[in-house]
Each structure stands twice: as structure tokens, then as C-alpha cells.
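Multiple structures follow.
Look at the two complexes coming up: subunit A is in both, with subunit B in one and subunit C in the other.
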Partner chain A sequence: MSLCEAEKTFILHGVEENFRNDGRERSQYRPMELETNIVAHAFGSARLRLANTDVLVAVKIEVDVPTIDQPSEGKIEFFVDCSANATPDFEGRGGEDLAMEIMNSLTNAYKSTKAFNLSKLCILKGRKCWKLMVDILLLECGGNLYDAVSLAVKAALWHTEIPRVLSVNLDGNNVELEVSEKIHDCIKLDVTSAPIMVTISKIGEHCVVDPSSAEEQCATAAVVVAISQNRFTTILQTGSGSLHPNTLIESLTLGSQIASQLDTALIEVLQQKSGEKPIGFLL
Partner chain B sequence: MPNDNRRINGPENTLSYRLFSNSNPHSNVQKKIKDIFKNNTRPSERNFSEQRKIFLKCGVVSQAKGSAYFEVDNTKVIVSVYDPREIPKKTDYSLKGELYCVFKFAPFSCPTRRGYQQDAEEKQNSAILKRALESAVCRHKFPNFQVDVYVLVLENDGSALSAAITAAGVALAQAGIPMYDTITAATLGVQGSHKIVDPNLEEETLCNVAVYKNEGEKKYESHGIIILSMLSTHEQVSELYQTGNLSLDTINAAINILSKATKEIVPLVEKCLVNHVTKNLKTDVED
Partner chain C sequence: MLPKINIRLAENRVNTSVAVNQRVPKIFTPGEIISEQKEFMRGHGTYEEDVYLKASVAGVKEQVNKLVSIRPLKSRYNGEIGDVVVGRITEVQQKRWRVDTNSRLDSILLLSSVNLPGGELRRRCAEDEHMMRQYLQEGDLISAEVQNVFSDGSLSLHTRSFKYGKLSQGVMIKVFPSLIKRSKTHFHNLPVGASIILGNNGFIWISSTVSNEEDNVGGFVQNLEEVVPRTDRETIGRLRNCILALAQSKIMLYDTSILYAYEESLKYNVADLLIPEAMVDISILTQHKLNLSENA
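Right after this comes the complex of A and B.
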């Protein structure tokens, strides 16, 4: 979808009046819908729909060997799949660059020990650790991918259950793990400080959050910030525009405010969800 | 990963011996940082806001339309820029020209060997480089064409990406690609309350880890690396890239420090280009 000049001007004027074409204010998000634990074979999963953006995240766990640099830490890896179902632009290798960008920004955002502590994923120092494989599937693109993906990832990690390891035996050079036989005897991850990403687009003279795909086309520049407990873990400027240092600082401030609001809202919802009674006969 | 049969690949599973020696940058980081910053000096014995001396030369690759060589201490970067050419395998018409950027560490440039194929970090750096340069180049002047920018890091001693951005700006200008402004970039490392301009490799590794504020207390110090590229005359930030864990105040301060640092490089870039032009004019007159 590409816009003509008149349409772009219309959106621009709307942003100036603080009344965007879907009725929102500049710092307002579109309604979101979150479902969790919907993939049967995953250890934790979430689906987030933000207006027309639809993201499915599933977490799988494997036992791996920790790296020599960090012998007492586990691993986390992100994979993004831009399927051609999302938009025709992703056909063939079209989505590869975007997938790479999202993957790298997530990896960087989760890298700091302060934001996400990997040491709990260690089973035996230098020998065995858990590896979280976070698979992100973009089902539909309606703008603001970074925010949607980061929220869905956090929700999926919140519900991720790691099997409890009862004992670790060293037999010569072999490590033997004994995992609890009860399927609900699991450890939950602490993801309260996991980062949330917010995209701030500059349209005309103003900064807006959560741009729709039409608004993304009008933006002169965009900044993506990843915030974990009011602290920045990643900043990157996407798009081809540039910003004045003062505007940049302004948008960073806005981003950090919005992210903390979003974070509290998400955690509230997740806590409500985890209070629900599990249904089933295997308990 | 597809196997590259044309080149000699190392064995699949090998480890650098450095990991087991005392010079391993990852061992005893906590203690190292305490020791190093205790006397309020940096490992490289520079002032905290002091940049290293830069050597910059353009027109080093004769085959390329424009090229630049950037050396700062042991960080050595070569950039070559090739003529605009039609975008291969493109069906629709694009009004703006494209930049095709490849950032590559030479296999021998880092303590651990780099492969011939681009890894995730190099791909990420290519993307950052592209975004930084895009706002400096008048892309509407060459619609439906692409300009190739190849960056090769011969040796990495920290701040390689900012070196690459500055050098690529010079190479683009020398190649005669229309540009809005000179583009310069600088790197800042943060560890605790220390802000280190233009960190070397050792300082970069120290800034990448979170350490405890006090022994026994489970609170981490802030840490991180920030790269900023700037179009100096227009006062526009074309790319800001940050990793680590930093507060808003630190980032605001960092943006100020870095915009000053990028401005310090501008005269050097200008001088390099002017020298190149006068030299070319002289040879033209002699001919």
C-alpha cells in the first residue's frame, strides 16, 4: 500500500491537531489483545494482536553446553520469521532484513544481565545449561512491529515453565540429569525486568507512538527504544531520516514514559491471567 | 550454515587459547574494573574525554570510485565505494537510490578468528552503517540505482563501527556521490559513573558487562556502549545506537559528549577531502 501526497498531508495535519485518523491522541496506543499458552508443544507461548499487527511467539527449551566465556549462564536465542502471509513484501527473501533487525535488537535488549538474568538457566557450571529458543512468527503486519514483538516475547517468557531438575550426576565425563516426572512441577522465569520496546515516529513536528502502517510511511524518522525498568537497554534509529539532538532527547523521554506505562499494564494483565485456575484432569 | 568449500576452513569446534590464559578479557572482570577505575584513570591512560589520534587518507583503492583508509591507534578500516549501478533483480521502480553496505571484519582482525561469511554482528553493523549514511546522501539524485559501500576492518581495537561510518562518509564524498553534509561518528563506553570516549578493545569489553555495585549486594552498575553519527552543519543525528543498560540522564549526557566528539573530527575530514581535490587539480593542470 502506498499513499499519495494528499493522504500524507491529511495524516500530517491530523498529528498536528493531536487527533490522528483513527481518533487517537499522539501518545495513545491502539487496543491490544493478548492470548497466552496457546501452542500445545511449546513451553510458553503468546499471541498478541495490536490492531492489524498479529504476532505469535513460542518458547522452546533445550539442554545445551554453556559458552566458555560465560560458564555459569544459560542461553537465549531469538528467531524471527517474516512469513509471506503477513504482507506480500515478505515474499522470497524480502523479509530477511527486517527479521534480522528485529532479531538483533531483541538479542541486544536482552543481553544485559540487569535486564534478563541468564544465571538461573545454568544447570551445572561449565557443563550444562538451558537454552531458551524464542520463535517469533509475524502473522500480519499493520505497523509497529517492534512493540508488538517485544510485548509478545515478554508475555511468552512470563508463562515459560522450565522443568525442575531434581539431581545432576557426574559419571566420568557424562552429565546425567534427572528431571521431575510431574509435568506441572516446573520453575517459572523471573521476567519482570525484561525489556519492552517502543517505537517513536516523528511525523511533521511531533512525535507519535504506535504508528499504523499508513503513519509509518509519513514518518521522517523513527527511534526504537528498549526499556527495562526505566533504563535503556537498546536504542536504534530505524528508517532513513535524521533527527536534531534535542528532538532525539525529547523522543527518548517520551519513549521511556510510554514504556513504563505499557510495562505496568502488561504485568497487571499477566498477573491476572496467572491467577486463573488451570483446567484439565492431569493435575 | 552452508559450507564454504573454496576456502580453507578451520576445524569445526575450536577454542581460542586466550580463554584459558590470564589475559582473557572475560575472566575476573569484576576485579579488573575495580582495579582499573580505582585511580580514576582509563586502561589506555588517556583522559576520559580524549579521542585517539586519527589518520585519514582517501583514494587508497585504485579500482574503486572512492575509497578511504582510517586508522586510530590499532583500529584500521578500509572503505571502498563503487559507481552507482542498476539495482540487480529489482522489478519495480524506486524513486530514491539505494545504498548497499557490507561491513566485514577481516578473519584476522579480532582476538578470535572471524569467518568469511558475515555473522550476525557484522550484518547488524552493515544495517547501522546503511541507516547512518542514508540520511547523508542525496538519494533522489540517482533513482533506481544503487551505490555499493564495502567496509573491511583490518584490525579491530575498539570503536570500529564509528570509524567505518566516518571513513565511509569520506569515501562517498571522494566518489562524487551527492551528499548533504559531512558525516562523522564517535563511540562512547559507559561503566558505572565513568564515560569513556573512543574506547579501545579492552575498554569496550569492560563496558559490555554488568558488575555489582558492591560485593554481596545484588545491584548492578550501569554499563553500555553508545554510537552516534552526526551531520555536523545541519546538526542532525543520523543514527544513535546503544546497547547495555543506561538511565535517561546518562544517555542525555552521552549525546552531548558525543556530538562534541563528532565535531572534533569534522576539520580532519574536510582537510582530507580538500587535500585530495587540490592534488587532483594540480595533476590535471600539469597534464
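Right after this comes the complex of A and C.
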């Protein structure tokens, strides 16, 4: 879907006026809906819907061997799948570039130990560790993918439960793990400092958060910042345009403010007692 | 001060249904058994498997004597001659444009079925063919009328009237085609200071009211210089959110229902109309008002 010049002009003037097409201000987010633990066979899962953007995230766990560089750390891997249901552009290998971009940005954002502490995932130094495999499925694209994905990932990790390891036996070269037999005897991950990504698009002369897909088409450039506890973990620029240094600084400040606000809002929701009433996708 | 961010759990989702004392018909899901095959004939939206007649789409059952069909809740637009549609140009070809009208196949707008600028009746020459992209290019929005339906279901459009043509500054929103109520006119100049085109294909165009009708030259001009004033912009934004609220609650869309929703929405900020509670509130109030005016 491409917009015509007149529609773009309309959006552009709206952003200048601080009154966007749906009535939002430049720094205003659309309402979101979150559902957790909806994939029964995953260790933790979440689905986030932000207007027309729909993201499903599931976390799986595997026992793996730690890398030689970080013998006392676990692993985390991201995988993004662009469903062709989201947009016809994703058909075949169409979504691969986007998927790769999101994957890389997430990997970078979670790299810092201050953002996400992997040492808790270590079972036996140098020999065994847990590997978290975070699968992200894009079900619908309505703009602002990065933010939605990062929020959904954080929510899924929040609810991820790792089986408790009771004892580790070394038998020669073999490592035997004894995992608690009780299903509910699990360890929850501490993800309060997991990074949140915020996209700031530059439309005309102004910076806008949470762009809709129409607004994304009008943006000359966009900066994605990943922020964990008021610290930047990753910054990447998307789009073809360039940014003036002042605009960059402005968008980074705005990004960090929005991220901390998003983080508080998300954690508030995650702490709410969730009843066992599955909603799923059927409206 | 930044505006508040609203995240909610799915289980706190508000019920968008506004059906009061109305019987909700049974909805068949794809693969669901409708009946034993022998007694009924297979209609649209159904298929035979083993000895059963099953639904192939999600929808409600419709029966004419022995013919059973399932009418889908959501479907693409099935055009009929005379329908007003809003569409987006997807391709410029030889002597014709391809238009996305939310149908299964792209619609076609022939160069010979548009009013070219400067004179209504003149021959289309080779020059015109070369100029086609200057009249309408990819991405442009048009309003048009269905002239013909081809055997494969694709549509042929025409814009041979001053009311049709290229659309300028405004907002397009998409709703289910089944929600657009068919009426005499689909062009409305609302008294609140905006115009809407309710395309039968579920595309709705909202713009500020055009006053200068006289210098309209076949509808191929876009005024990109003009800045839509803030008040008009608010009206357009409010109408957009109201229509989406009504569409979410599956209320039929026509001038009266949209105006009622607009009136009811005035107690909210435009941006607050994105919040589900506000959307349902407006839908309920609108439905109530519609019921009252129907009974009166």
C-alpha cells in the first residue's frame, strides 16, 4: 500500500499541527492489549496487539553448552518469522530482511549484562547452561513493529519459567542433570531491566512516536533506541533519510522518556493477577 | 508531561457487542458440520466431505429451500453495477489503470471511461495515453462508479461525472464492505463541516468540505499547498475514530449513524476515542439513538 501525495501532505501538516490523523499528539501512544501464557507448550509466551500490529512471542528452553568466551553464562537467541498473513510482501523470502533486522537489533539490545543477566542461566560452568530461544511471529503489521516486538518479548520472558535443577552429577565426561519433577517448581527470570525499544520517526520537522503504517511511509528517517533502566543499550537508524545532530539528540531524549514510561506501564500490567481465562485470537 | 500509555490485559477486553435483546445467530466455523449431505444442496461457502456438508468459511447459515449456503462475516467486496467505490491506483497500463478496490481481483479503469481535463467529449489520442501517469499515478485515490462486472468477477469502473475523480487531502479508512448501508447517495456533506464518501467496497474517504465546485476540472487536481485548518482536522479525526468505533461494534454505516456517533463523541477528546471503553460507549449510545428514531 502506498499513499498518494495528498494523503502524505495531510499527515505532514497534521504532525506539524501536533494533531495526527487519529487525534493523537506527537508523543502519544495507541492503546495496547497484552495476553500472556497463551501457547501451552512454550515455557513463556505473550501476544501483543497495538492497533493493527499483532505480535506473538513464545520462549522455549534447551540445555546447551556455554560458549568458550562466556563459560558462566547462558544463551539467548531470537528468531523472527514474518507471516505472509501480515502483508503479502512477506510471501516467500520477502520478510527475511526485516526479520533479520529485528533479530539483530534484539540480539544487540539484550547483549549487555546490565540489560539482561545471562549468568543465572548457567547450570555448570563451562559445561551446561540453559538456552532461551525466543520465537517471534509477526501476525499483522500496522506500524511500529520494533516497539511491539520488544514489549511482547519482555512480557514473554517475564512469564518464562525455567525448571529447577536439583543436582548436577559429574560422571566422567557426562553431566547428568536432575530436574525437579514437580511441574510448578520453577524459577522465574528476572527481566525488570530487559530493554524496551522505541521507534522515533521524523516526519517533516518533528519527531513522532508510535507511527501508524501510513505515518511510517511519510517518515524521512527513523531512530530505534533500546533502553534498559534509563540506559541506552542499542541505537539504530532505519529509513533512508539523514538526521540533523539536533534532531538526533532530541529524538534520543524523547525515546528514553517514552521508554521509561512504557516500561512502567508494561510492568504494571504484568504484575496484575491474570486469571486463567484464555482469550486467544478469536474475537 | 507525556500522555499516559494505555496497556491492558486481554481478559479485560471490553465486549464490543451492542446487540440488546437481539438473537445472535449461530456462527459456523470452517470445517463445522452443517448437516448430512443427502438432504441439502451445496451452496456458496460450503463443501462436501465424507457424508457431511461442511462450512468452508466462518459465517451464518442461509437457506433457500434445499440450497444451503454460508454467508461469510468478513469477505472481500463483491461489486455490483452502479456501486460507488473508493479505490487506489496500483498500476498504470496501456489505456487503463488497475485499481485496488478490496475485491478479489483488481478493478480496471479504462482511459476511455474517465473525463479528461479540458473538455468533456473529445477523442482519446496517443498523447493522452502518454499523459496517463500525469492524470493518475500509482498510489492515487479515486472515487468511481462500477460500470460493468466481468465474468471473472473483476470490475470495470468509470469516473464520468464531476462528483467522481481523484481525491485530494483527507483520510481513508477501511471497514468491512458489508457494514456500508446501501443508499441513494454515498456522497455526504455532513453539517459538522466535513465530507465523506462511503464506498460500497468498505473504503471510506473523509475530507474537509470542498466549496469551490465550479473550477472542478474533471477531478484531476490535488491542492497540496492548502493547509487544512485545525478545526477541520479535528472534525476529520473525530469522524474517523467514530466510524472505526461503529465498525468495531458492527453497526451499519450511513450518514445518520455517523452523525449520531459524532454527536455522542463530543464529550471525549479525539485521541480518547481510541480507548476501547470510549468506543463501545459511543456505539451503545448511537445504537440506542438509532432505535429511538426508528420507533418514533
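Just a few scattered comments:
Methods note: the second predicted complex is superposed on the first by the 272 of 283 C-alpha atoms of A that agree within 3 Å, B and C clash if a C-alpha of one lies under 4 Å from a C-alpha of the other, contacts with A are read in each partner's own complex, and residues count from 1 in each chain.
Here, contacts are C-beta pairs under 8 Å (C-beta built on N, C-alpha and C of every residue); 3 or more make two chains touch, one makes a residue touch a chain.
This one's a predicted model, so the numbers in the text were calculated from it and none came from an experiment.
Superimposing the complexes on subunit A yields a three-chain arrangement in which subunit B and subunit C fit side by side.
If you stand at the C-alpha centre of subunit A, subunit B and subunit C are 110 degrees apart, rounded to the nearest 10. When the shared chain is aligned, subunit C comes close enough to touch A:R24, but subunit B does not.
Residue contacts after overlaying the shared chain place A:M100 against subunit B, while subunit C stays out of touching range. In the superposition on chain A, A:E181 makes contact with neither subunit B nor subunit C. Using the contact criterion defined above for the overlaid structures, shared-chain residue A:D171 touches neither subunit B nor subunit C, since it reaches no partner. Once both structures are fitted on chain A, no C-alpha atom of subunit B lies closer than 9 Å to one of subunit C.
Looking at the complex, you find that subunit A touches subunit B at residues 68-70, 97, 100-101, 103-104, 107-108, 111-115, 223, 228, 230-245, 248-249, 252-253, 256. Touching subunit A in their complex are the following residues of subunit B: 15, 19, 26, 120, 123-124, 127-128, 131, 134-135, 139, 209-210, 220, 222-224, 226, 231, 234-248, 251-252, 255-256, 259. On the side of subunit A, the complex with subunit C involves touching residues 1-7, 9-10, 13-14, 17, 19-25, 27-36, 47, 51, 151, 257-258, 261-262, 265-266, 268-269, 272, 274-275, 277, 279. Only residues 2-11, 13, 88, 137-141, 167-172, 222-224, 227-228, 230, 233-234, 236-238, 240-241, 269-271, 273-276 of subunit C touch subunit A when the two sit together in their complex.
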